[in-house]
Structure formats: C-alpha cells, structure tokens
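Below, subunit A partners subunit B and then partners subunit C, in two separate complexes.
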Partner chain A sequence: MFVIGERINGMFRSVARAIRERDAAAIADLARRQVAAGAQALDLNTGPTGDDPAEVMTWLVQTVQEAVDVPLSMDSPKPAVVAAGLRACRGRAIINSTTGARERLDALLPLAQEFGASLIALTIDERGIPRNAAARAEIALGIVAAAVEAGLPTDRLYLDPIVLPVSAAQDQCREALEAIGAFRSLCQPPPHILIGLSNVSQGAPNRPLINRTYLVMAMALGVDAAIADPLDRDLMDALRTASILLNQEIYAEGYLQPQPAA
Partner chain B sequence: MFVIGERINGMFRSVARAIRERDAAAIADLARRQVAAGAQALDLNTGPTGDDPAEVMTWLVQTVQEAVDVPLSMDSPKPAVVAAGLRACRGRAIINSTTGARERLDALLPLAQEFGASLIALTIDERGIPRNAAARAEIALGIVAAAVEAGLPTDRLYLDPIVLPVSAAQDQCREALEAIGAFRSLCQPPPHILIGLSNVSQGAPNRPLINRTYLVMAMALGVDAAIADPLDRDLMDALRTASILLNQEIYAEGYLQPQPAA
Partner chain C sequence: MSLELVKETWPGKIFTITIGATAAEGGTRARTVTLGGHGALPFLPGDAPSPHPPLVAMEVMDVVPPDWPEHLRAPLADVLASPADWARKCVEDCGADLVCLRLQAPHPEWKDASPDEAAATVRAVLQAVPVPLIILGCGHADKDNEVWPRVTEAARGERCLVGMAVPENYKTLVVACLADGHNVLAEAPIDVNIQKQLNILITEMGLSADRIVLHPGNASLGYGLEYEYSIMERIRLAGLQGDRMLSQPMLAVVGEEAWKAKEARLPEGAMPAWGAEALRGPAWEAATAAAFLQAGADMVVLVHPETAATVRRTITELTKGSAA
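Coming up: the complex of A and B.
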C-alpha cells in the first residue's frame, strides 16, 4: 500500500497558520512525523489563502523537500498552482488531480508528461459525480484512453473511484468499492487505484473506525494507494494487518512494533 | 452478516467445566450474552469429553434452547453426535460440518434433508486442505453438485473457504479470500459463504486486530456468515461498520450504541 500523507493541507487550522506565517519548522515537522509514521509520499494543499497560491505551493514544496525525501503530491484545482509545485519539486511528483473532463485532461496530462509525474484521476466528469460503479468505470475508461493517447504509462495513473461520506450518500460507499475491480482490468500495466479515504467519514461520529474499516475493505478489493492520515495509529495498524493478510507484506510477530524513524 | 457465536465450545476451560458439572445456568448465561451481543445463531461443540458426546450434545441443545430462541449449530466431527443434536433441537438447526469428502457428504446431506437443517461445508476433501483458491473452488463445485443432487436448496449451504492461521500459512489467508468470489458464482440461489474466523489469528499476538481486519476484508469480498466471538466488542463494531459501508444496514449516527438485549 502506497500511503500519501494528507496532513499538510491548509484546511487544517494549524497548517493555515503555518502557511500564513511561513513557519517552515512547523511544516517540516509535520512532514517528518508523517513519513516516520509510514507515509510514502506527502500531499500538499495550500487551502484557501490570501496569498498567491502558486507562490504558497512553491514554498510548501521547497520546505517539505528540505525535510524529507519522498514523492510530493501537488493538490490543487488550479493547473497553474500544480505547475508551480512541479517546477519547484526536485524528486518524484504526483499531480492531484485531473478528472475525466476533457479540459482538465488537456491541461494536466501534458504537465504529467513534462515533469515525469504520476497523475491522480478522479472518476468524475462534466456531468458531476457518477451514480454507480458502472458509470465510474465508464469515466475511468475515458481517462485511461486519454492517458494512453498522451503517452503516459498507465502505471503512473492513479484512478480514484470517488469516496463520498457515508453519512450523506451511503449507497455510494458500496458503488465506489464495486468500481475497484472494474478499474483493475482496464489496461496493462494496470493502473493504480487510490482512494481519498477521510471523505468517507465526513460528518460522522466514529470517524477513525469508519476510515479504517473502509480502507481495509478497499484493500481487499484491490486498492493499492490512499490519501490518508498516517498519524492515525489505529489506521496504520489496520493497514499493516491487512497487507499481511493479503500476503503483500511478510508476517512477523513484531509487525506492529513502531517502525524506526528514517 | 449472519454471526454464529463460537463461545459454547468445550475447548474453552470454563465451558468444559460447565459441561462436566452439567451447569445449565453457566451455559444459558453464555448463550444469552452472545445473543445479546449480536449473535444470530450459536455454535455448540462438546469438546473432548469423558462422557458420551451424543448425550452431551443433547444436553447442550436442550439447555441452550431453554435460554434463547436462535438457530443452533451442531459442531462435531461425528455424524452420530450431530444427529443427536438435531433430534433434540426444536428450532432451526445448522450442521457443522461436512467436507467435500464423499463419505461425509453421504452421511450429512441426508441429515440436513431429514431435519430441514442448513449445512456448513468445508472446502477440504480426502486430499486434505487445498493449496490455493482454484482448488478450493473445485471442491466447492463438487459440494454444490452433491447438494443439488440430494435436493438441498443451495441457500441452505454455507461454503467455508478454510481460513488458516496467518502465523503458520500466510499465503493461505489470501487464497481463502480469493476463493470467495468464485464460490458466489457457483449456483443460483448462491450459497452462503462462511468463515471460521478465529482460526486466522491462532498463535499470533494481536488476535483481535487480526480477526476484525480479516472479517472486514472477507465481508468486502462477499462473505455473509461467520463463526466468531460476538463478545469481542471491537469485532462487532467493525462488523456493523462494514455492513453499513457495504449498504447492507442503514446508516444512523447512533449505529454503535449497544443494542437493547432481546
């Protein structure tokens, strides 16, 4: 499982403050803690900001790559902000995200190619969020076709089946799970399948329990990447246990001991 | 999810004592507590006993059905002990278990028919435990064929993909999960798919975490029944959360509040 740490996001109040004050130590600390807890990449999202978001993204990338050496995910709805992050990034980068909408694919596929980045693709399009697994798969197929046409190797594509809050759209939790199997068979090499996990528990009590239960189910069905909170220890324990039960990681009695920090 | 409570089993020391002393109050209490915690059926296993196991099974059935009104699962390797339990049982019964071995099918399918019982069938046969998902599916097909031939409706069949301890046979955890999808498509109406959950964590630390992680994964893949410990509160919370995320149970904010005892 490829875990992209979600915590450097201006939607969190403490991160918004650190961005506003350009508190590099606070951002670096959050980067290091997430990687020590098991994140293999870090998502960077400026959140709403009074400053130029491209300049903020550039600062985030520079700050985080001084602290840790993992792929960075440029998380913004604005291609210009994504591009600013890609230009600043020395290592591997991930674009978060395109959709199946033609306009976004046309803006972001060339960026993925230019910077050798991976590309997260939400299976939504101009019509909005699909209502069932089949509609998700239909959009996924269009995304795969566009990626192939643009020359992007499909193993740099992360298809996202769109996880909605169980409290608001319960049936869609199942539809997203059912889409996973369909996504896997779309192309060779198969695309990665990623979920933005925390959305499933928005507005619900018991958020950690809902998050880890959904993650484990999604892993059983073939998800191999998640944007999630690596500082949630119970979540990471469930993830490692699921990896072992799926025979993706070697079982050892001490598997839940804390990992030594890198 | 259909949960068969596993706790009335002579392998537990306290149950062995209660059986030895014919302590009906202790057995009745264990029955009531499991049902209150969410068990929809109860497994009865005499364990090794110095007494006549058929007589012990008869006593267990009589004792438990005085306390609770749920289906009872006659868990014994000996058809005569199973038959004794079935004769004593006033309500719905489950036979635990046949295998794909001809001799056992010939002994237990007629009992299922005679008593209108459901039948748990382990996908092992004369050759022992299958080594992968395909071999499990092959045995399952033989079991389904025998059930159909004997006139047993396939929705009274509970196919068990054989869960082995992760500490001893890690790869088999995944093979059992992969068998689940194959089992579902074997016949119409589809058979139930059941796992004997606790076996997965035999000999491992963190048993509850391993158990609930495996249960949630198995549910995602289509398991609809488990022999498990309903007194494990975290397990039952994970089960209910998974049921909700699979849209099998209605979401409500209070879904983890304790259920009123029956």
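Coming up: the complex of A and C.
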C-alpha cells in the first residue's frame, strides 16, 4: 500500500504560515515526521497563496527534498505550477492531477512523459462528477486510452474513483468502491488505484474512524495507494493490519512496530 | 524472431552488509567482504544487476564431531587439531572468502571449554588468516551466553558476523555485538513469521536492520531442502517488495546438514549402485549449496575442499555476464 502524506498543504493554517514566512525548518519537520510515520511519498499543495504559486511550489519541492528522499506529488489545478514543481524535483515525481477532460489530459500527459513522472487521474470530466460506478469506469477507460496513446506506461497511472463526503453524498461512497474492480480490469499491467481518503469524512464528526474504516474497505477491493494522513496512528495501524489480512505483508507478532526507512 | 525477455522490477532492495574491518576501519583484516544490495531475484542481471555475488565461507571447528566420515576427515586430516591451521588451509588452499569458526568445544556435553579458551581460539584464527570471520556458538543457550561476550570482546572492532541469535536466546548476543561492533546472524527454523519477529526484536534492542544476516534454517538435499528453499525465496520476495524486516542477506550452513545424509556417508559396499563414496559427499554438499544459491543465499558455509571448488565454479557460471 502506497501512502502519499497529505499534510504539506497550504489549506492547513500552520502550513500556510510556514509558506508565508518561508519557514523551511517547519516544512522539513513535517516532511520528516510523515516519512517516519510510514508515508512513502509526500503531496505538496501550496494552498491559496498571495505569492506566485509556481514560485511557492518550487520552494516547497526544494525544501522537502533537502529533508527526505521520497517521491513528491505536485498537487495543483494549474499545469504551470505542476511544471514548476517537476522542474525543481531531483527524484521521482507524481502529478496530482489530471481528470478525464481532454484539455487537462493534453496539458498533463506530455508533462508526465517529459519528466518521467507518475500521473494521478481523477475520474471526472467535462460533465462533472459521475453519478455511479459505471460512469466512473467509462471515464477511466478514456483516461487509460489517452495514456496508452501518449506512451505513458499504465503502471505509472493512478486512477482515482473520486471519494465524496459521506455527510453530503452517502450513496457515492459505495459507488466509488464498486468502480475499483472495474478499473483493475482495464489494462495490463493494471493501473494503480488511488483514493483521496480524507475527503470521505469531510464535515463529519469521528473523522479518523470514518477514514480508517473506508480505507480498509477500499484496500480489500484493490486500492493500492492513498493520499492520507500518516500522522494518524490509528489509521496507519489499520492499514498495516489490512495489509497483513490481505496477505500483502508477512505476519509477525510485532508487525505494528514501525519499520526503518528504506 | 527476436525474443523479448520479461523484466521484473521491485520496489525494495536487499541491505548491503560488510563483514570484516581493515586497520583503517578499526580491525586487522587484510580484506573485507560485502554482500547483499540486490534489487532482483538471484542471477537475473536483466532485472537488476547484483553488485555482490554470493560468497564461499568454509567451516572450521574447535572440536570435530566423532562421527565425521572418513572421506570428510581425510582431506583435512593434517589440520583438524588446530583451528588456526585449518583456517589457514581454507583460505590459502581453497580460496575461502570467509572462515566460519564454530565454537563447539564450550558445549557442556562436548569439552565444556571455558569462555577464555574460546576467546583464545578466536584470537588464534584471527591471527592466522587475513579474511573476515563468522563465529558460531555451540547452541547451548546458557553456555553461549557466557562465551559470546568474551568472544566478541576478543574480536572487538573486527566486524565479524556472530551467531546464532534465536528467538529463545538473542539478547546477550545482540548486546555483545552492539558493544564490540559486530553483525548478528539471526536464525529462525524454517518459519518466515518467526524470522521477521526475531528481526523486529533485535532491532528494538538498537541494532540496525542492516547489521543482521538471516539464517532461515538447516536442511540438505533430500532432507527438507525444499522447505528451506521456499522459505528463503519467500523472505527474499518480501524484502524485494519492501519489507525492511526481511530485507537482509541470507546465509546457508550447508556442510553440517549435507554430511549427515546417508547418501553422503554410506560405504560403497552397503549401496554399490550409489557409486564411489569419495565423490558422493562432496556432490551432496555441492548440490545442496547450488539450490540455496538459487533461493537467494548470499553466503554458503561449506566443509569439504572439493565442494568449495565446485561451488565457486557454479557461482562463476551463474554470475557470468552479469555486469556488477
């Protein structure tokens, strides 16, 4: 299970402050803590910023790669900001994200190719958020076809079935899970399937409980990557336990002990 | 029609471990050895070249089992009484990469030798050879716990590989190795879950995961080989998939088990169809070693000089063309 740590995001007040004041130590600390807690990659999102977001993204990439050696996910709706992050990134990179909309694919697939990056693709398109699993699969097929056409190996593609808040769109939690099986059969090698986990509990009390419950359900259906909060210890324990129960990791009595970094 | 080979890539990598320390590194070895570092299953350089090919270690004992067959004694007859001479023969005549010194004499049912005598043996062997040492206890937990601290102290700074840490008895050994700068050989008997748990326990004591070598059990051709093979393979696959508690290089002690097999020992008169007795033992030992190399062993511990030569040829053949 590939965990992309979500904490370096300008939507968090403390991160917004660190960005505003260019507090590299605070960002580096957040990077190190997430990796120590089990994140295998880190998402970087400038959030709303008064400065030039491309410049902020560049600074975030430089600051984080000084602290940790993991793939970095450039999280921005603006291709120019994504490109700035990719240019600054020394190691492996992930683009977060394209959608099934032609315009987005045309902008981001060439970037993924140019920088050898992986690509997260949300299964939404010009028509908006799909209503059910079948509509998600239809968009996913279009994305896979575009990726193959562009020459992007499908094992560098992370399809996101779009997780919506249970408090606002209860029926969609199940539709997203049902889309996972359909995604897996789209191509060989199968694409990765990723969920933006914390969205499911947006606006609800008991957020950690909802997050970890949904994560293990999704894992059982074949999700192999998540953008999530690795500092949520209960979440990471549930993830490790699910990996054991799905025979993805070898059992030992002390399996919950943190593993040393690679 | 050209055939395109399927390449497999893995997210994990096997730890790289160095055994032995030169004068510059605080020891007295003329040479050190490095093992591990693999990014793929063995002997598949197309998937990922292995930086460190498997090594041949040869076993030296401070007391020889009384039931050792004549065909094993004969080639070593002139050195069996002296571990230092035996070690020198292994290195100078047989080209051993390492010497694996088994301190059996301290066992209460063998010679009940004192920890000081064991330490003296270690010093003598260290002086006799320029290569790194693997040091094994006698397997009697209480006695090993008396012997290990003296032995690791006698070899302080030499960065030996010392074992075997077992689930029931690992703490004294780990503390001694931490104090004197050695690596730990961790043994779980043909059980991947227990091996992982043992590694977790050892690392919890503060020894880093890249200072452990795994010994997943004892077996030989015809006597449990396939069990040990499959466990070794499973360990290696888990390591390559990124499990840091199973990403260690592995060692196979081959000689001991292979020479227990009746196929290696029965006189020709008892079983004429099996062929010459002098050839059978080395062949049994070499065949066992070859299997474990395929399963991922980074070191094989051998006894018979002829086996060492055969296994070295096998390693050379298997690594031919793999750009290291």
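Throughout what follows, the second predicted complex is superposed on the first by the 257 of 262 C-alpha atoms of A that agree within 3 Å, B and C clash if a C-alpha of one lies under 4 Å from a C-alpha of the other, contacts with A are read in each partner's own complex, and residues count from 1 in each chain.
Basically, contacts are C-beta pairs under 8 Å (C-beta built on N, C-alpha and C of every residue); 3 or more make two chains touch, one makes a residue touch a chain.
All of these numbers come straight from a predicted model, not from anything done at the bench.
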{"item": "Touched partner set for A:Y251, first subunit B, second subunit C, both or neither", "value": "both"}
{"item": "Which of subunit B and subunit C A:P48 touches, first, second, both or neither", "value": "neither"}
{"item": "Which superposed partner A:G128 touches (first subunit B, second subunit C, both, neither)", "value": "neither"}
{"item": "Partner chain in contact with A:G151 - subunit B first, subunit C second, else both or neither", "value": "neither"}
{"item": "Partner chain in contact with A:P205 - subunit B first, subunit C second, else both or neither", "value": "first"}
{"item": "Residues of subunit A touched, compared between subunit B and subunit C (which is higher)", "value": "B"}
{"item": "Subunit B/subunit C common contact set on subunit A", "value": "250-251, 253"}
{"item": "Subunit B - residues contacting subunit A, complex", "value": "166-167, 170-171, 173-174, 177, 200, 204-206, 209-210, 213-214, 216-221, 237-238, 241-242, 244-247, 250-251, 253, 256"}
{"item": "Subunit C-facing residues of subunit A, complex", "value": "249-255, 257, 259-262"}
{"item": "Of subunit C, residues touching subunit A in the complex", "value": "12-13, 192-194, 196-197, 200-201, 203-204, 208-209, 234, 238, 242-246"}
